[in-house]
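There are two complexes below, and they share chain A, which is joined by chain B in the first and by chain C in the second.
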Partner chain A sequence: MNGYGGKILRVNLTTGKIAKEPTPVEVARDFIGGRGFGAYYLFKEVPQGADPLGPLNKLIISSGPMSGLMIPGAGKCDFTTKSPLTGGYASASMGGHFTAEMKYAGLDSIILEGISSKPVYLFIDIEKIELRDASEYWGQGTIEVEKQLKEKFGEEFQIAVIGPGGENAVSYACINHDFGRQAGRGGVGAVMGIKKVKAIVIHGTNSIPVADTKTYRQAGKALYKACKDASFLAEWTRYGTTVVTSWCDEVGALPTRNFSAGSFEDGKNLYGPVMREKIVITDKGCFGCPSPCGKYSRSKKYDSYVEGPEYETIGLLGSNLGISDIEAVAQANLLADDAGIDTISAGNAIGWAMECYEKGILTREDTDGLDLHFGNIEATFELLGKISRKEGLGALLAEGVKKASQKIGKGTEKFAIHVKGMEQSGYATHNATAMLLAYMTCDVGAHHNRSWAITYDIQVGRDLVVPEKVARVIWLQNFRPMFDVLGGCRLQWVELGIDRELYITALDAITGIHRSWDDYEKVGERIWNLTRMFWVRENAGFDRSWDMPSPRFYEEAPESGATKGQITKIEDVHRLLDMYYEQRGWSNEGLPTSDRLVELNLAELVA
Partner chain B sequence: MRLYVDNAKCSGCNACRVACSLNLFDESNPKKSALLVQPHFPIPGVYEVKVCTQCGECAAVCPDEAIKLNARGAWYVDFDQCSLCEACVPECPENVMFVKVELATAAWKCDLCGDCVDVCGTGALWISEKETAVA
Partner chain C sequence: MTATILTSSVLKELLDGKNEYEVEAGYSVRDTLLKLNINPELVALVIVAGVQRSKDYIIQEKDVLKVMAIIGGG
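Right, the complex of A and B next:
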C-alpha cells in the first residue's frame, strides 16, 4: 500500500506471542493512519469497562502516510490508549525519529496487548522482533537507559523508553524518545509501565513505497522551499515555541500561580530571548523538519543538559509555580523527563499543592516537611521525584489534580485546573472564550494542540461569544489533528503559514489516491465523533458537565495582570457549549446523535 | 565545487538523507543516502555531519573504473560498472563511501546533486568552491 509500512505488529505481552497482519485497506481509507488508527483500534478492541492499568487495555503506537518521507515535519508518532488519568480517550503525539523508523521497519502500528510477568523491552530490527529481558534497565531514568541502548545497538536504532514514573504507573507518566521528545499526555507511559515494557528499540532499512515518485519528489521540494522562503522561519527557529512566552504574558495567557492569573510579574526572565542567550546550545529537530522548534540547552548552574524547556514547560513548571529562573525551569524539565512524567500535568499538580499550602489546607505535616510556597525551586525538584516514586505527598499528586482534590476536598476542587481529569496546558483562559471552549471540548481533556485558538481570541475580541468563534474551534479540531493522523507536524502550517494545498499534491502522489482537505477534514470529524463516543461508552452518565472548565475561569477573576478583573460568565460558558453541540450535530448533553454517526459512517463501529 | 557543512547549524532532522536517497535510487530511505548525520546526545548535545569532499580517493583505487566525474565535477558511481569489491570504502576519509549488499547492487556516494541543500531548512549545508561561502 503506497505511503504505508504495510503491516500492523501485535505483541501480546501476557503470552509472548508476536504477530504481523497486513494493514487493512478499508481502515486506511476511513481512518488514514496515526491518531486515526489509534482511535479505531482503541474503540474496536479495548472492551468496554477495561481497567486502563489492566491486561485488557492496549497501547497503540502509529505512524502515518507522511511519516518518514520527504515532507517537512514528517516525524510525528501517535500513542493511543484508554487513559489512566481520565478514564477516557488518550492520544499523545511524539516527535523525533521513531515514527520514521517504524515505516522503514515496515510498520504502520505497533499494538501492545496484555501484561508481561517481568520487565522486557521490545526489539524490532525489520523481521527480527523479540521481547528481551529488561531487568537491568528497570528502575533507571529515561536518559541513561536511552544512552545505554544507543551504545548497545547504534545511533540508527530509535528508542522509546519509560522512566520510574511509568514503572510506578503515575497517572500522567509519559514516554520519552531522542533525549527530550515525549508522548506526554494522558498517562501513556503508565500503560506501557504496567505492561512492564521498559523500552521499544526499532530499526528498519526498507524504502517506503510511493505511487508517483517524480511528482512526490517535486511536491516535497516545493514544500521545503515554501518553508525556507517563509518570513518567520528565522525567528521561529531561533526561539521555537518559546517565541510565544512574552506574547502570552502580555495578553494574560501565561499560566501564573496555578492559573490564578495570566501575567507573571517576573515573566520577563522566562522569555525566549533570555532563554536563548542563557542556555540554548543547539537547535534540535524532529525527522524531516526544516524549522526545528526543539532547543537543546545547557545549564551551567546545575551542570546539566536538557532538550527544552519549550513553552508549555516554561508555563507550567515556571510561571505557574511562581518560578522565574529559566535555568531552574530547565532543571525541573530534566528531572521530569528523566523520571518520565508529563511536565504539564506535573506543573499543574505542584501548582495545586502550592495553592493548598498557601491557603493552609496542606501543612508541612502533609508535605513531608516541604515548604510549598510558590517560587520554591528546591521543593519543586523534590516533589517531581516524589511524584515519580509515588512517595508521601507525591503519591497523592501522582493521581492528577482531579482525584487529588476530590480526596482532599475543602474546596480545593475549585482550583484543580483540569477538564475531564486532564490538567490544563499552558494557556490561561480568563475571558478568552475560543480557547476556553477548545479546552472544554478537547478530545483528551484540557489540551491545547487540537484547537490552538488563543491568538484567534485576541484577533477577533477575546470576550465574544458568537457562533463564528465556535465554528472556528470546530474547524480547528477537525483539521489540525489531521497532521497527527497523517504522521506529520502541523507547525509548518501554523507558524510558517505554508499553503496547505502543497501537502495535497505531495500526499496524492505518495498514496496514489486523490483526497482534498475537505475529505481529510471529514475524516477528522469522523475521528472526533468516534473518540467522543469512547468517552460516552466508558463513563456512565457522561453529559455536558464533563465539558465544564475549572471554576477558576468563570468564578474568580485574576487580581493582577492583563486579565485583571476579567472573567467569562457562567451563562456564557453554557452558551458556548450550546452553540458547540448544535454545530457538531450533538444532543444538548453533548452526545453525538445517531443521525450524525450514520452520516459519518460510524454507526456500525459504535453499535 | 563540493558540499560543505556547518555542524553547529545542523538540527539532525535527516531531510538531507531522504532527499539524497531519492536522487540516488528514486527511493525514500535514509539508509541509502550518501551523508551521515551523527547525533552526540545527551552530552555534548551536538550533531556531526559527514559529507563527501570529492577528494577522489575512492576513484583512485576503484579497479573497475566505476567511479567517474560528472558534469558538476563530482565523482559518482556508475552503478552498471561497480562490482561491489569494496576497495573504495576504507579509502574514504569521511566514511561516506557506501557498500551495503543487502540494500543495493552497487556502491554509492555523493554526486553533488544539491538536493540535500535544497531541503536543509537551517542552512547547515551548501555547495561552493570554497568553504567560506556560507549560505
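Right, the complex of A and C next:
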C-alpha cells in the first residue's frame, strides 16, 4: 500500500512470540493510520472490562501515511491504550523521530500484548526484532537510559523509554523520546511499565512506497515553501508554544493556584521572552520540521539542561502551583521527564494537594512533613519524586486527582480539576464556553489538543452559548486530530496558517487515493464516535454526567485577574451539552445512536 | 503619517482577508485594533522591528508591525 510501511508488528510479552501481519487494506481505508489504527485495534482487540494494568490490555503504537516523508512535521506517533488513569480511551501523540524509523522498518503499528515476566526492551532493526533483557536499565531515569542506549546502538536508532513512574504504574506515567518529547497523557507509560517493557529501540532503512513520486516531491516542496514564507515563522520559532503564556495571563486563561484564577500576579516572570532570555540555549525540532517549537534550556541555578518547558508545563508546574521562577519550572520539567510522568497531570495533582493543605484538609502529618503552601519550589521537586516512586502522599497523588479526591473526600472533589478522570490541561475555562465544551467532550478527558477553541470564544463572545460555537468545537474535534491520524504535526497549519489544501495534493500523491478534507473529516467523525463507544462499553452507566467539568468553572468565580467575578452558569453548561449531543446525532445522555453508527460504517465493529 | 500592520489567520479574516493593512501612526496598538473592530484580546504578540511591544505601544510613522493571534494552543 502506498504511504504505508505495510506491516503490523505484534509482540506477545507473555509468550515472547513476535509476529508480523500485513496492514489490512480495509482498516487503512476506514481509519487511515495513527490514532485511527489505535482506536480500531483497541476497540476490536481489548476485551470489555479488561484491567488497564492487566495482561489483556494492549499498547498500540502507530505511524500514519504522512510519517517519515518529506512533509513539514511528519514525525508524529500515536500511543493508544485503555487508560489506567480514566478507565476509558487514551491516545497520546509524541513528536520526534520515532515514527519515521517505524516506517523505515516497514511498520505501521506495533502492538504490545500480555505481560513479560522480567524487564525487557524491544529491539527492532528492520527484520531483526528481539526482546532483550533490560534488567540493567530498570529503575533508571529516562534520560540516562536513552543516553546509554544511544551510545550502545548509535545515533540513528530512535528510542522510546519509560522512567520509574512507568515502572511503578503511576496512573499518568508517560513515554519519553529524544530527551524531551513525550507521549504524555492518559498513563500510556504505566501500561508499558506494567508490561515490563523499559524501552523500544528502533531503526529502519526501507523506502516508503509513494504512488506519484514527482507530484509528491513538488507538493512537499510547496508545503515547505509555504512555511518558509509564513509571516510569523520567525516569531513562532523563537518562542514556540510559550508565545501563548503572556496572552493566557492577559485573557484569564493561565491556570493559577489550582485553577482558582486565570491570571497570575507574578506571571510576567514566566512569559516567553523572559524564558528565551534567561534560559533558552537553542531551538529543537522533530523529524522534518521547518518551525521547531522545542526550546532547549539551561538552568544555571540548578546546573541542568532540559528540553522545555513548553507552555503546558509552564502553566501547570508554574502558575498553577504559584511558582514564578522560570528556572524552577525548567527544573521541575526535568525531574518529571526523567521520572517519566506527565507534567500536566502532575501539576494538577500537586496543585490539588497544595489547595488541600492551605485549606487545612491535609496537614504536615499527611504530607510527610512537607510544607505544601502554593509557591513552595522544593516541596514541588520532592513531590514529583514521591509520585514517581508512589511513596507517602505521592502514592495518593499518583492515582490522579479524581481518585485522590474521592479517597480524601471533605469536599475536595470540587476542586479536583478533571473531566472523566483526566486532569485539565493549561487553559482556565471560567468564562470561555467553547473551550469549556471542548474539555468536557474531549475523547480522552480534559485535554486541549483535539479542539482549541478559546480564540473563537474571544472572537465571538466569551459567555455566548449558541449552536455556532458548538459546531466550531465539533468541526475542530473532527479535523484537528486527523493530523494525529495521518502521523503529522498540526502546528504548521494552525499557527503558520498554511493552506490546508497543500496537504491534500501531497497526500493524494503519496497514497494514490484522492480524498478531500471533507473525506478526512468524515474519518475523524468515525474515529470520534468509535472512541465514544469505547467509553460507553467500558463504563457501566456512562451518561452525560461523565461530560461534566470541574464545579470550579460553574460555581466559583475567580477573585482576581482578568476573569474576576466571571463564571459559566450551570444551565449554560447543560445547554452546551444539549446542543453538542444534538449536533453529534447522539442521545440526550450523550450516547451515539444506532443510526449514527450505521451511517459511519461502525455498526459491525461496535456490535 | 502611516504605518503597516502584518497579520495572519483570524486577524486576516477580520481584515477582509488582507495580510497587510495600512494604519494611521500616532495611536496605540490597542486603539488601532479597536478602530479596526478587532478585539485587542485576540492579539497575543506585537513585534516591531524584531522587538516585542505591548499593546500600549504608540505606532510610529513607517513602522511595520507584526500582529499575531494564536489559534492552535500549546
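The rule is simple: the second predicted complex is superposed on the first by the 607 of 607 C-alpha atoms of A that agree within 3 Å, B and C clash if a C-alpha of one lies under 4 Å from a C-alpha of the other, contacts with A are read in each partner's own complex, and residues count from 1 in each chain.
By our rule, a contact is a pair of C-beta atoms (placed from the backbone, for glycine too) under 8 Å apart; a residue touches a chain by one contact, two chains touch by 3 or more.
Keep in mind it's a predicted model, so treat the numbers as computed, not measured.
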{"item": "Fit or clash - chain C, chain B, common chain A", "value": "fit"}
{"item": "Partner, of chain C and chain B, that touches more residues belonging to chain A", "value": "B"}
{"item": "First (chain B), second (chain C), both or neither touched by A:241", "value": "second"}
{"item": "First (chain B), second (chain C), both or neither touched by A:580", "value": "neither"}
{"item": "Touched partner set for A:286, first chain B, second chain C, both or neither", "value": "first"}
{"item": "First (chain B), second (chain C), both or neither touched by A:4", "value": "neither"}
{"item": "First (chain B), second (chain C), both or neither touched by A:231", "value": "second"}
{"item": "Nearest Cα pair across chain B and chain C, whole Å", "value": "16"}
{"item": "Chain A residues contacted in one complex by chain B, in the other by chain C", "value": "none"}
{"item": "Touching residues on chain B, where the partner in the complex is chain A", "value": "8-9, 11-15, 18-19, 21-22, 25-32, 38-39, 41-47, 102-103, 115, 118-122"}
{"item": "Footprint of chain C on chain A - complex, ascending", "value": "230-232, 235, 239, 241, 243-244, 246-247, 250-251, 273, 310-312, 315, 425-427, 448-449, 452, 454-455, 458-459, 490-491, 494-497"}
{"item": "Of chain C, residues touching chain A in the complex", "value": "6-10, 12, 14, 19, 39, 41-45, 47, 52, 66, 68-74"}
{"item": "For the chain A and chain B complex, residues of the former touching the latter", "value": "68-70, 72, 75, 97, 100, 104, 143, 147, 155-156, 178-179, 205-208, 210, 213, 217, 220-221, 224-225, 227-228, 233, 237, 281-292, 294, 296, 298, 305"}
